[in-house]
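Both complexes shown next keep chain A, but they swap its partner, so chain B is in the first and chain C is in the second.
Right, the complex of A and B next:
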């Protein structure tokens, strides 16, 4: 499965690292800066408030008017910013502002203020506005190290909006810094992906080129990384493969040349032997019966050997691509009729269905061989009557073709034999060591059809019997006068 | 029985063919080289030459040309199938026919008889001497003259001309000519016909590139005339 390509995954990984890096840095920076910023404001506020509260002498028990005057005095000296000061004593409430009670002072702060004589503070956010609330109990200093709470608690409430703005600016700055960073990270990501992908692409191209048969394909090895190793390994394997294939082809060529040479060497002595077989046949009658049988055997086998050798030479010519096509234009029905007459196949075993008037350009000798080999095969391995039919039609690629069909009335071809029917020396029946033919007849027929740019098929008819179908273009190009 | 001179370098083939033909009643003399064969011509005076194309020294094609310089002796080449180039060159050099080796003596004899057979002069109502343009064909005397000049034609050339002039203007396919003039099978090599036509044209046409007498009908064959 391949949901994302290598490039996408590499770039995504780069981005992820960049996001985590930039995000972490921004978050840490933001937190530290924010803490420092708030702490400074807070410390200033708390210490100055404490100082103010200590400096102020609260008359005790105080009347509210006097107290409010005191509070207003403290409020004016608020640092780093003005604050509103509240005071609580029992049920008594007073403030420097308009409302005697603040909405942001929490019960927790009140409790903390009572338990800690040095005061307490708290950050509160109300309606989106941050506040710093400081509680400072007034004390009576009884000595150097002891202080008694007077029961009056003074609160300062300071808006922290300015700090919040600063903090927000920090956050924006962190974000604005991180995003371009990410965009910049995309570039090395793409570059890295490219540098990885280029060798991969080359490897892909090279592998495909090898697959299409160009075994001398090699990859340029760049650098010393793992991809270079891969390219190196590819080149080595390709070289080995090329060598093996070359060796195989050489061996095959040697084998074919050997078969061809042997056939040619056999031809000359056979020509001499064949010339005297007649003498043997004639005189066999005057010899004693054993000698006569031996002589007739030699004569008959010499004839078969001559056919076999000629067939072998013919096949090796196809293998060497030395077979030539000498085409001529003729009437297809007449050509087949002549083939049948020349072989004396006119005794009713063959049923020709040959419509007149189909003009075709082909090699007459090779077409004769094709028809004769197919009919001969049908008579040997099938059974009479053998139908030989002819027709012309438009082939699958639109060119007009000549269809020649040879159908026998025998048992048909076994399914396991069918794929091998055109193989050389293929024996359909393992028990039969040698047939009357050379064993090359169908292979030669197939080669001749291919030389014409045609096709040959073997099959079985639904009503029984084998059928061979030859398809040859009506107008085969070839050497002609 | 015809006297046959066989020129063949391989001793087994030479001896086998000689033996086979002699058994069939032919008077056979054989030679192992082209030079020896040419030397035997005057002495033996054969009716026909059986000539192997692949010879050491002077090859069969050269022998063929030498013979044709001053003689219309029937020549049959012995060739192996596939030696197409040599066969064509041999036919151009003037050979009348060819036999593919290895061949049985009955096949060889049939070829010999076919080459030596005279074209039957059919149709008693026709004159034996016909004139076509500048050409005069004497069917009885088997002579051809052009503008009064006697033309020396090899047996195959003469038979082809006689066959074509027997039915002027009629088209004969190459297969038909192979069957009737050479007595070959329908599927034999038609280049035999083409080579013979070329040789014949060289001898009888004014311009063999634009033939008047033996005309080609592409895709169909050859015909004589119309003039």
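Right, the complex of A and C next:
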């Protein structure tokens, strides 16, 4: 799985939502419960403290001892609250504990109690321990409707340990509730990720299948969501693409068949014409010079036309995948020598460098065509001497290959022509529209080499002149079977 | 951009979690009235005198200034007169009261007496006029209140009477003891 793939992101998003939801709920619940818990505890403490104080009778001014006795009484009655009571009157300080003055009571609480004769409390955290401090100013009733503040303020200081425990328990409960919530949220997260990822995976598979040529690939459309829309669009596009490609192939096939048909139709009349031109050639000597030249021209052009038609038929066989390889094991040097002799290229224009003993399995007829076309091309467009070399070496993929090189001594091939040199009817020189060849020779050579599972390259030698290199595996696939 | 969005989503959670676990401090929160306590005093015998606490507020103290009746005796319980109570007020807090930090804002009297003046014709009903041997106009507010409260509580039990001070330099307006607060429901 990818580090930040769709699944991870979806699950993370679900978890985040769950964290926010559960966390918020837990925190809010905790806060509310804590507030309620503390409020109850505080209100109870304040009213019970007031009651305790009210049970006492004070004499004013009291000496410290008397006051302390009163305070101890309040402290004793303060059950179940274990509070320490402090009393402050003028400069008198007394308490029910060991120290007469509390370190927890804040000046703010003191000020509030002295300036306003009303009960007040303050929660103080000292050294991590929460305390509830209550200030209870005292008044006495001086008549039916009025009371007099006594100037005596009684304080209670109470550790909120029970409350602390309860609040801690609340926090634990909130946390323990939130964590299983997260675990539960993981399940729908994974399910949602699955439901999204399955169509995406199908789409992935279908796209790959289409890329490999299966244009009839379609996706099953499920549901009515955006992913279903996507699948629908994919299917439509695939159908359109399939249609277009079929149309193109049909057009191409039609065009090829047309070329093939035309070539075949031309063959028969051409054969007749060739027979006639041969007769005419023989008789040309008896004709007057102008007529004889015309007759010879017709004869030469007819011969070229016949070659062109033969080449066209050959190349349409390749297009129709009708070309077959009839392999035979033979000596490569022997095969090339035979080709040169058959074409009467035995004069000094050709320099063969053919080491004996390289056995190779190939189609002799097609190899003959390849060598003849390359040498013919070199003689036509390059310049003599044309070197024909043969060697075997290990190819780039580790298999032994037969390398045939045809190098001429001409001006070489222009760089802008090189990529198109094996195209059909490609004319290197636009001005030279008529050449001796059919314009298909190199294309046919390339097709033949390809049929052998080999490669053909064209290039220029550093010392000048074009070089064509043919690589054919020493043992073709047909041979190993 | 994405980080900003994540941070935005995480903010409320963090804020809530940081809102504090456990018990936090609070401000001073008012909670109900004061404690109304019994005042140990013998009705009629004990009088209330008002002195200053260290932080400035006045506070009542009780003094047995009246005459206590005894069972079978011809003496009857009689509360002390306003003149006697005010005279006691001028003499300042007792030793025990001083020990508790009580002070007085009144000047010491060297001569002269305190008299309750007869009501003037046409004077305010329900008010008393008190002649004191000090200059009353320049008296501090605390000192005036000491006199007014003490006189008012010695004249009437609930101290609701209005008091005018007549001094060596003239007289003040009628005033009430501002110390008393409305009694609670209890």
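In the analysis below, the second predicted complex is superposed on the first by the 452 of 481 C-alpha atoms of A that agree within 3 Å, B and C clash if a C-alpha of one lies under 4 Å from a C-alpha of the other, contacts with A are read in each partner's own complex, and residues count from 1 in each chain.
Please note the rule applied: contacts are C-beta pairs under 8 Å (C-beta built on N, C-alpha and C of every residue); 3 or more make two chains touch, one makes a residue touch a chain.
These figures come from a predicted structure and were not determined experimentally.
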{"item": "Touching partner for A:16 - first (chain B), second (chain C), both, neither", "value": "second"}
{"item": "First, second, both or neither for A:182, with chain B first and chain C second", "value": "neither"}
{"item": "A:282 touches, of chain B and chain C: first, second, both or neither?", "value": "first"}
{"item": "Partner with the higher number of touched chain A residues, chain C or chain B", "value": "C"}
{"item": "Contacts of A:203 with chain B and chain C, given as first, second, both or neither", "value": "neither"}
{"item": "Contacts of A:271 with chain B and chain C, given as first, second, both or neither", "value": "first"}
{"item": "Partner chain(s) touched by A:173 [first = chain B, second = chain C, both, neither]", "value": "neither"}
{"item": "Partner chain in contact with A:112 - chain B first, chain C second, else both or neither", "value": "second"}
{"item": "Residues of chain A that touch chain C when the two form their complex", "value": "16, 19-20, 23-24, 27-28, 31, 34, 38, 42-43, 46-47, 50, 53-54, 56-63, 89-92, 106, 108-109, 112, 114-125, 130, 134-151, 154, 160, 163-164, 167-168, 171"}
{"item": "Interfacial residue positions of chain A with respect to chain B in the complex", "value": "267-279, 282, 303, 306, 310, 313-314, 317, 322, 324, 326, 328-330, 334-335, 338-339, 342, 359, 361, 364-365, 367-368, 481"}
{"item": "Residue ranges of chain C touching chain A (in the complex, touch as defined)", "value": "6, 9-10, 12-13, 16-17, 19, 21-40, 48, 53-55, 57-62, 94, 96-97, 99-102, 153, 156-160, 179-184, 186"}
{"item": "Of all residues in chain B, those that touch chain A in their complex", "value": "10-17, 19-20, 23, 80-82, 84, 101-106, 108, 173-175, 185-191, 194, 219-220"}
